[in-house]
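Naming follows writing order (A, B, C and D), and every chain is counted from residue 1.
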Amino acid sequence: MHEKEKDLIGAFLRGQVDRRALLKGLGALGMTAGSAGTLFNMMSTQALAADFDWKAHSGKSLKLLLNKHPYADAMIANLQTFKDLTGINVTYDVFPEDVYFDKVTAALSSGSSEYDAFMTGAYMTWTYGPAGWITDLKEWINDPAKTNPNYAWDDFLPGVKNSCAWNGRPGGELGSDDAKQWCIPWAFEQNNITYNREMFDKAGVGVPKNIDDMISVAAKLQKDISGIYGIGLRGSRSWATIHPGFLSGYANFNEKDLAVSADGKLSAAMNTAGSKAYHSKFVQLIQESGPKDWSTYTWYQVGTDLGAGASAMIFDADCLGYFMNGGDNKMAGKLSYAAFAANPEATASTPNIWIWSLAMSNFSKDKDATWYFLQWASGPEHALFGATKMDFVDPVRQSIWKDEVFRNKLNTSYPGFVEMFDASAAGASIKFTPQPLFFDVTTEWAATLQKMVAKEVPVDEGLDQLAESINRQLKEAGLG
Amino acid sequence: MESTSTPERILRGIALTLVILFFMFPIFWIFMMSFQTNETILQIPPSLSFTPTLSNYMALITGKLTTAAGTLDIAFMGNLGNSVFLSTASVAVSLLLGVPAAYAFARHKFRGSEDIAFTLLSFRFAPPLLVLLPLTQYFQWLGLSDTYIGLIWVYQLICLPLILWIVRGYFEDISADVEYAYRIAGHSWFATFRKIALPLAGPGIAAAGLLAFIFAWNNFVFALVLASASKQPVTVGALAFVTSSGIQYGQIAAAIVLSIAPTLALALYAQRYLVEGLSLGAVKG
Amino acid sequence: MTTLQLQNITKRYKSQAVLDDLTLDVADGETLVLFGPSGAGKTVLLRLIAGVIEPDAGKIVIGGEDMTEVDAEHRGIGMAFQNFALFPHMNAFDNIASPLEANRSSAAGIREGVEKVAKLLKIDHVLSHRPKALSNGQKQRTALARALAGSPPVLLLDDPLRNVDAKLRFEMRLELPRLLAKQGATVIYVTQDYKEAMALGDRIAVMSQGRIRQIGTPEDIYNTPADIDIARLFGDPTINLLTVIPKKDASGVYVELSNVRVPLPSMPESVVGKECVLGLRPETIVFTEPSAQGAIPVTVEAETPLNEKTVTLLLTARGREILLSRPAGTPGPSSGPAAIAVNGAAAFLFDKESGARIATPATTTNRNGEAA
Amino acid sequence: MASVTTARKAPSGFRISKKALPYVLSLPALLVCIGILIPFFTAVINSFQRYRLSQPWARQFNWGENYLNFFTDPSFWNTLRVSLTYAGLTVVLELLLGLGIALLLQKRSAFNNFVSIMLLMPLMIAPALAALMWKLMTNPGFGILSYFASLVGLDNFRWASSPDTALLTVVLVDIWVYTPFIMILLLAGLRSLPTQPFEAAALDGVPRTFVFFRITLPMLTPYILTATLFRLLDSIQQFDIIYAMTQGGPGDTLTVFQVEAYLNFFQSTNVGRSAALLIILWAITYLLSNIFIKNWLRLRERARGEA
């Protein structure tokens, strides 16, 4: 059947025909999009199988621990392809994001061999890695016998890939030569601006250029448009408050969370003059134009408000803005995206990033088989499937960003997204200092921010206290 | 009561109205939300004008949830089933173990009885997290993690002490002579327990059982840490509506309504026991 | 033979002895009344016999079998509680049927048994009622019926008439002896009412503070009370008690009341000069002519008719109160000065210090033949 | 000699001796729970260790150091203060409110019974979900309660997000969820009180307040103690509501024991500190319940002595 079509798709998968040519060609052959999809899947299975023994672990069984997330949904939607390809059976547990990481900690800390692989963020591997719960994946990536030749490890965005590698030394540089690859990036988020075009037009303001501009733009929006507030920011007592917009702007001023001395000792770096200045402005921004109950705001409230038209913009994950521009959100189709550099002297945006990644449990009973899953799930075929057919933003492979279909999809429905990405991708990386007290530091940082916003403590004093407390904890843990 | 004056009746009426307003309004609001989508729930200012939709309930029952980021599979009905099973089984086990123990503490002052009773109660006030965290490891070794048996066992920490202490009080309130009379009439202690003590403490047992059921039903932290997705109760499962693409308030509201339903039905059914029969006047009279 | 023996029974609550080394024998078919004030240990004793509580020391032998360790349900006992202790969730029929059910009787047998005893106690019309719907009297009869229904060889009745009204109590007091006799059981009956004790008991055991103070036939107890307390407890109106110091002259031992010599012919000489209490039953005192031999002058203070008796309160010259009881309708002064005669032979003399009655040679023999 | 015909059943078959019976009845319950003691001891050991999951190599016994550190740690004292305040506030308010409602519903009627069941509904919603709903209802934009507040002029009432009102807001949610629990126990208690003293008092024309304070309240005390005990122990260990509403914030306003210990374990993976915190919490609850149980037993004893 369909010999011509198979040839065409085969050529595409071998890289001989680009995607547009493929679709054109298929159209000419009278294929509907749907049947082309099926054929495409079938062929990609064949293509993958061609050069590598995917069936080596046939008959085995794996179990995954997944977060309730569009990325996981995209993977599950495509999972049959993997099963067909390898003959490995895969089951999975999905937990809501609110409790997901606690579940991971509970499972791993008890040494549970139930799960072979799981979703994680890079920050978490700073705990999981030293604790001995996850496996360094370099061994597999570099083994040609275990990794298929099309995997293209070099295709991953370097900044993202390196952010998932750490040598385990507190304060050690991410992606250093001796770093261990604790997890494989799957998709990531840059923290930039998503704004409501209608509201910006109505208030007659442009996209803020720097932090001072942001303060005034947000204030003007809030004043001119009734019933809304200027800018959505996270504020709960959690690390999640620090890592998006807040840290991205902070890093733009070249400020650090911790300082690493020559002998590898860590100390708090939040009480520098530059840091204090930035904190003051950020606190002012929240006080003047942030959500009224900012201190309870998590990802959900920030997104919900934007989608429901309660806020004019957010300084948060780009994919949060992406999700709010679709579905049954009231503001769907009215949102735009822009890179944001808080420092007027900075040349470009330097967003801190969150990376949804895949890690291998050290308690897995069959690591080779697990690696088969990991390389498939992070491989180019699934990445393309996720990016074009599902909501796999932001993709971590450079080839996807070059993909026309993907760029077109973004450009039509998500104005400014591609430009935003291109403008800040170079500066995008994890801005935290990797160290095992990450959550202690960030939680306390968030609590201090809350106190400053509530005017319980002045910014200067608050930061000094924070630095003092963090230094004490670092010492206690033998890191400072 | 018959002699209550008019102003007092009015005052009582006002007080009761306020109480009902305070406790029932959120319920009413949740109920209303369960017929709305996020679009009408998230209005500024909030309003009651909306076109009711059954989509939330449909989503829960069919297990398909449509969000900004596409269609998600949800296992709400499975979660509901787990909740029913876990709570019922836990309370059943607690009653089986707790009622005889309560009887022993109420009727027999034996060596160490108060110590044993107190120890049993102390399980209730051990902070759940304290035992939970090491427990995950032991369950791993014992092969109990992610089993219904393991969960039901841990749920005994919630149910058993509550049942034990409430039921003990009811047993103590039964006149010992009534039981003696039955013993002397020629019946064994077990027959006496079954024919006299159990029926007379029945309302108390029903009430304690219902309260234990509610507490087991509402448990969150044990279920979260010890159960995999397939064994999850509603409390954990409902968080699935907190998706990365937004909180599905409508569905959470509908989930709450659906999750109250079994307990409420049970409470209404047991109403006689719960408030009317609970009073031991019948026993003492 | 269903005799009942309690041997050296001791029961303590929190180191306080409620029953103190108590020994008691009850003959087959006998009705023994346990009489005493509340807190004497009567109810505890019944429960020990029934087997719902255990003694700290001592043996309980029923029908010649040591039952100390035997469970209540195997002792063959019927018991009626002072508070009735009916099963509130069962109707009167089921209440009464409970001992029959325990015997595994047939349904027909149970019905027959219940109806028989219900008819006997005249509660056959309320058998379908729950205890809540029964009057106090009906409850009491139901409790009694339940105790009787199994025809137990030993029957323990714990003050069953305490909580019923006077009229019913009076009726039952007449009715019960007939009923118990019919039953043929060995009965222990607890009461605080001396008339009940006198009316029902083959023998009466007077208890106080965990001990049996005296045991004997009702006549024994009345006529030869062991001590001042027992004398006071039995008799209505209560016995007159006057502190005296007996003297002696040639004609024998005597005491002086208002300077009148009252001879105590049967008293031993050892009492002379010792402070004693003279006990005079009100019915042994009679009005007499002031001029008569041994007449004691008194003033009539008040007169009260008491059922078939008339009770008169008198004041002696020294201001001591004395009660006099005579059959209703017999003549006597109702006010003003009068004179009385006291029968010294019928008087009791108690040791003031110990309260014990000072035995007279005539009565001693009588008291020793207790269980004969 | 009719009595002889009454066959005395011989003791037969398997019999449990009278002395052993209560143990036989109560031990299964104890045994089922005793397994839980093993993890408890593990936790005790952990609390005496320097133990972070993220630094397994540094795990060692540091004996009392985790505890000693608390003395100089202001966040610990804050935790202690917040936990006790929270427990005290919720229990007292819920007790008063619960008692008031129970008194309102005391009279037996179909309506009152129905209302009392309806009032149980907040208890039937998992606190974690209830908190989520309250969070929405107190949202400054979409929240109906914020809307009501603005109608009465409280335009900027910030509920759980302001340190000034966060405690009150969570306490309010706690009251909403748990008052029904106290109400139902006290209602049961009220309705089980014997009627005679009240009838007598009514006949004698004793003032109602006097009746309430001198008859009702003392007779109700065992029930009040039971309800208070369970509520107090749950309240001082509150987690679900606070964690879902504020995660302990804003600032350190609501870092109660379990929230702090939870964060210490699951986020910081500082097992040692987490365990030490929980052991202290356990000690507090142990102490409190001991006091309560003693009083409870004494009152029951007395109540039965009078009966």
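Quick notes on this structure:
The rule is simple: contacts are C-beta pairs under 8 Å (C-beta built on N, C-alpha and C of every residue); 3 or more make two chains touch, one makes a residue touch a chain.
From a predicted model like this one, the values you see are computed outputs, not experimental measurements.
Counting hops only between chains that touch, chain B reaches chain D in a minimum of 1. For chain C, the chain with the farthest CA centroid is A. If you average the CA atoms of chain A and of chain C, the two centres end up 95 Å from each other. Between the Cα centres of chain C and chain D there is a gap of 55 Å. Per-chain Cα centroids separate chain A from chain D by 41 Å.
In chain D, the positions touching at least two other chains are 9, 141-142, 265. Within chain C, residues 71, 73-75, 103, 150 each touch two or more of the remaining chains. Shown for chain B are the residues that touch two or more other chains, namely 42, 44-45, 133, 137, 186, 189, 239, 242, 247.
Residues of chain C that touch chain B in their complex: 47, 50-52, 71-75, 77-79, 81, 83, 85-89, 98-99, 101-103, 131-132, 146, 150. For chain A in complex with chain D, the touching residues are 101-102, 105-106, 109, 126-127, 130-132, 227, 229, 235-239, 291-296, 301, 305, 308, 310, 436-437, 439-440, 443, 446-448, 450-451, 453-454, 456, 476-478. Per the touch definition, chain B reaches chain C in the complex via residues 175-178, 180-189, 191, 196, 199-200, 282-283, 285. Here chain D touches chain B in the complex through residues 9, 19, 21-23, 25-26, 28-30, 32-33, 35-36, 38-40, 42-43, 46, 100-101, 104-105, 107-108, 112-130, 132-134, 136-137, 141-144, 147, 150, 176, 179-181, 184-185, 187-188, 190-192, 194-195, 202, 222, 226, 230, 233, 237, 239-240, 257-258, 261-262, 265, 271, 274-275, 278-279, 281-282, 285-286, 289-290, 293, 297, 300, 304, going by the rule given at the top.
Chain D makes touch with chain A in their complex at residues 52-56, 58, 69, 135, 138-142, 156, 158-163, 166, 245-252, 263, 265-270.
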